[in-house]
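By letter and in written order, the chains are A, B, C and D; residue numbering begins at 1 in each of them.
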Amino acid sequence: MILNSPMIALNMKAYRESSGENGLRLAKICEEVFEESGVCMVICPQQTDLSLICREVNMPCFSQHVDPIDAGSQTGWVSAGAIKDSGADGSLINHSEHKIRISEINILIDKLRSFGLCSLVCTNNEAVSKAVAELKPDAIAIEPPLLIGSGISVSTAEPEIISNTVDAVRRIDKGIKVLCGAGISNGKDVKSSIELGADGVLLASGIVKAKDPKEVLLDLISGI
Amino acid sequence: MILNSPMIALNMKAYRESSGENGLRLAKICEEVFEESGVCMVICPQQTDLSLICREVNMPCFSQHVDPIDAGSQTGWVSAGAIKDSGADGSLINHSEHKIRISEINILIDKLRSFGLCSLVCTNNEAVSKAVAELKPDAIAIEPPLLIGSGISVSTAEPEIISNTVDAVRRIDKGIKVLCGAGISNGKDVKSSIELGADGVLLASGIVKAKDPKEVLLDLISGI
Amino acid sequence: MILNSPMIALNMKAYRESSGENGLRLAKICEEVFEESGVCMVICPQQTDLSLICREVNMPCFSQHVDPIDAGSQTGWVSAGAIKDSGADGSLINHSEHKIRISEINILIDKLRSFGLCSLVCTNNEAVSKAVAELKPDAIAIEPPLLIGSGISVSTAEPEIISNTVDAVRRIDKGIKVLCGAGISNGKDVKSSIELGADGVLLASGIVKAKDPKEVLLDLISGI
Amino acid sequence: MILNSPMIALNMKAYRESSGENGLRLAKICEEVFEESGVCMVICPQQTDLSLICREVNMPCFSQHVDPIDAGSQTGWVSAGAIKDSGADGSLINHSEHKIRISEINILIDKLRSFGLCSLVCTNNEAVSKAVAELKPDAIAIEPPLLIGSGISVSTAEPEIISNTVDAVRRIDKGIKVLCGAGISNGKDVKSSIELGADGVLLASGIVKAKDPKEVLLDLISGI
């Protein structure tokens, strides 16, 4: 399985700093750190760059999203089959910037699994995390809205939301990985997340927008 | 300008036959025909393959869709900036399988243009074509719902919808190209479309699902 | 509490047979049966008729849907506050004809409760029912897609989906009512549903489109 | 025809101040002013109150929105047929708080007309207004985003957007009414709008949230 504990996932989002050539460059930096450190890492390139980065970079890659469609006569949507064909290993689902219907989460987890792809479902609180856990994804990333883009560390604000969610998800299914998806800026936050029971973290702009992404990545990994 | 009359645009849609390695192979076939024939052609790869195909294939490429977002903190959406960074030349907008709001069409046409990208907006009848023409896209592809995937030729069914739409769009803005987006299977249909006043055609499954796509492409081009 | 076991809920849907004057007439027939039988019943009028029917008919009424908005500067959306102000007692959520995001289900259940309104969430299978149960609605109506509008009785096709879902939901929260939302045409089906452990049924077209809705209602109630 | 020049339309929006009993009270105030003044007025109650207010109040009423569905097996959506059955006279379409697809605007204008109902389509600039004009609605309300909820008068900011839009729409179809949908607080603004060529105004919170809505309405009407 691609997802191991402890781990670091990077959502490259839709920044110009992470699209096209910039995206490929950032992915290669991640690949370097992945290979040098041996830490379990996953990158989520922009949709348009998925096949290119999966081909050029030798490390786990997820799509940022998968649309609830079957491959076929559809235009401008990304099917689970297309993600498989791109060479990627899985997909984020239901990111707070791309929320989907509950029945779609159910279908997409199963469809990704049928292609041998992993599902990492984003949630916003303990109740939604428990609901998603009942749908048996491979992993859940909880992003407390108060912490998203706040610069506030999860260890100082809302640590209990992480530990409670980890416990609640484990009670439903021990096999589901739980990542902390907000409030992470540095190695200390990564360490706190893991101490709170999480299997790792999901990051985004802190790395994408960094002047020296490798330095930030190495600092984050130091928390593991 | 990328779009010249007469022209052939290929929407590669979300088929497994056109994603990943299959998509790249199909794009290279189109490139061959494009180079050999000198006919104006545009291909629209799957979203996940856009950067890869734009890098590997030397011919005009459009995205199948562009989302109404600005580049930035967004997840799993495709911005006009990402399309630019992929190396593509433009985008389909408002395909019947990916309809968008009127205010979004207005914004996206302008945003694509600000990046030096072309806009090819799909419409379903004469009234909507005239409405879209007022928004000044580079091109309009009209897809009469009765003809989509019907196998019926536009020259035998609804030829007047093409000629009327061409006339109506020209009255609003002579510079907008008008493509016939359904009812096209072979060179004879391409010829009919052009005789009806269209600048070319937009095709999809007829090529993607063909056993020998090159043969089909050459036949289509024979109509020009 | 409005929802008691056993119960019959009627989704009046968007038929012309159930809008405006027709809707009011149908609601009054339901009121008659409700008063004569003493059986727990809930009707869900069309959105446009909610205030009128709540005012004219003395029985439990739910909205067919509630939008994930706060009352305020919004146009053409139905807030939980508007449902309260209409005089209704609750709302359907996430009907298969009006699916919403998982985070919205979470928010709407809590928001309805804060107004003293009941939530009846529709689901399509056991996994989604368990997921929804974690969000603590007042009731769940399971509608197996195979049975929707099929005319097939739930007791002959997929009885285990009902009994398994009832058991699974009860394990998560004993207080949540579970309704059978498809495959119900007559009193025998109602009886089967209750024997399978359900607290009642959610019906629609069988009553709305009936020549004699009162007769159908009385037959259904005979199953209780 | 319900819509005459000059006219005042009131979008009651989704405020608690305009739902249920409050909505009925506000509608009755409008009815008083309508009857006393003889000015052409239209009110747009909340979706849940439409049938009730149409029954209780004797003046033109529009729905705030109509969903692009046919009457039938649909849940929680408002069809054109339901609006007809509620007793209303038409519907707003594409309000900036409820934007829809261009093909849906096309279909809904025609569908409303087939029921003898009026269409009042909201737009945000001159280009979109011209596009909508090609779809032949009964009326267009232009709401420049800069003016929405700004308190800034249309006569001091962006007067030319109104006059240019009026001219552009008239060139496409003289029969379409054009309303000014933002930047209107008082009779002076109404007067300015009409002097700029508009057929009237579309208002919302200024009346709904007023301590004395009748006083505000009378002031507005003084501008006619």
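As a convention for this text, a residue touches a chain if its C-beta (ideal position, glycine included) is under 8 Å from a C-beta of that chain, and two chains touch if they have at least 3 such contacts.
Keep in mind the model is a prediction, meaning the values are calculated, not measured.
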In contact with subunit A and subunit C alike are the chains none
Moving step by step through touching chains, the smallest count that connects subunit B to subunit C is 2
In terms of mean CA position, the chain most removed from subunit D is A
If you tally C-beta contacts across A-B and across B-D, the winner is A-B
Distance between the CA centroids of subunit A and subunit D (whole Å) is 45
Rounded to the nearest Å, the gap between Cα centres of subunit A and subunit B is 33
Cα centroid separation, subunit B vs subunit D, in Å, comes to 37
The positions of subunit C in contact with two or more other chains are 96
So the touching chain pairs work out to A-B, A-C, B-D, C-D
Touching subunit A in the complex, subunit B uses residues 11, 13-16, 19-24, 46-52, 55, 63-65, 69, 71-79, 81-87, 92, 95-98, 149, 204-205
Subunit B contacts subunit D in the complex at 94, 96, 99-106, 123-125, 127-128, 130-136
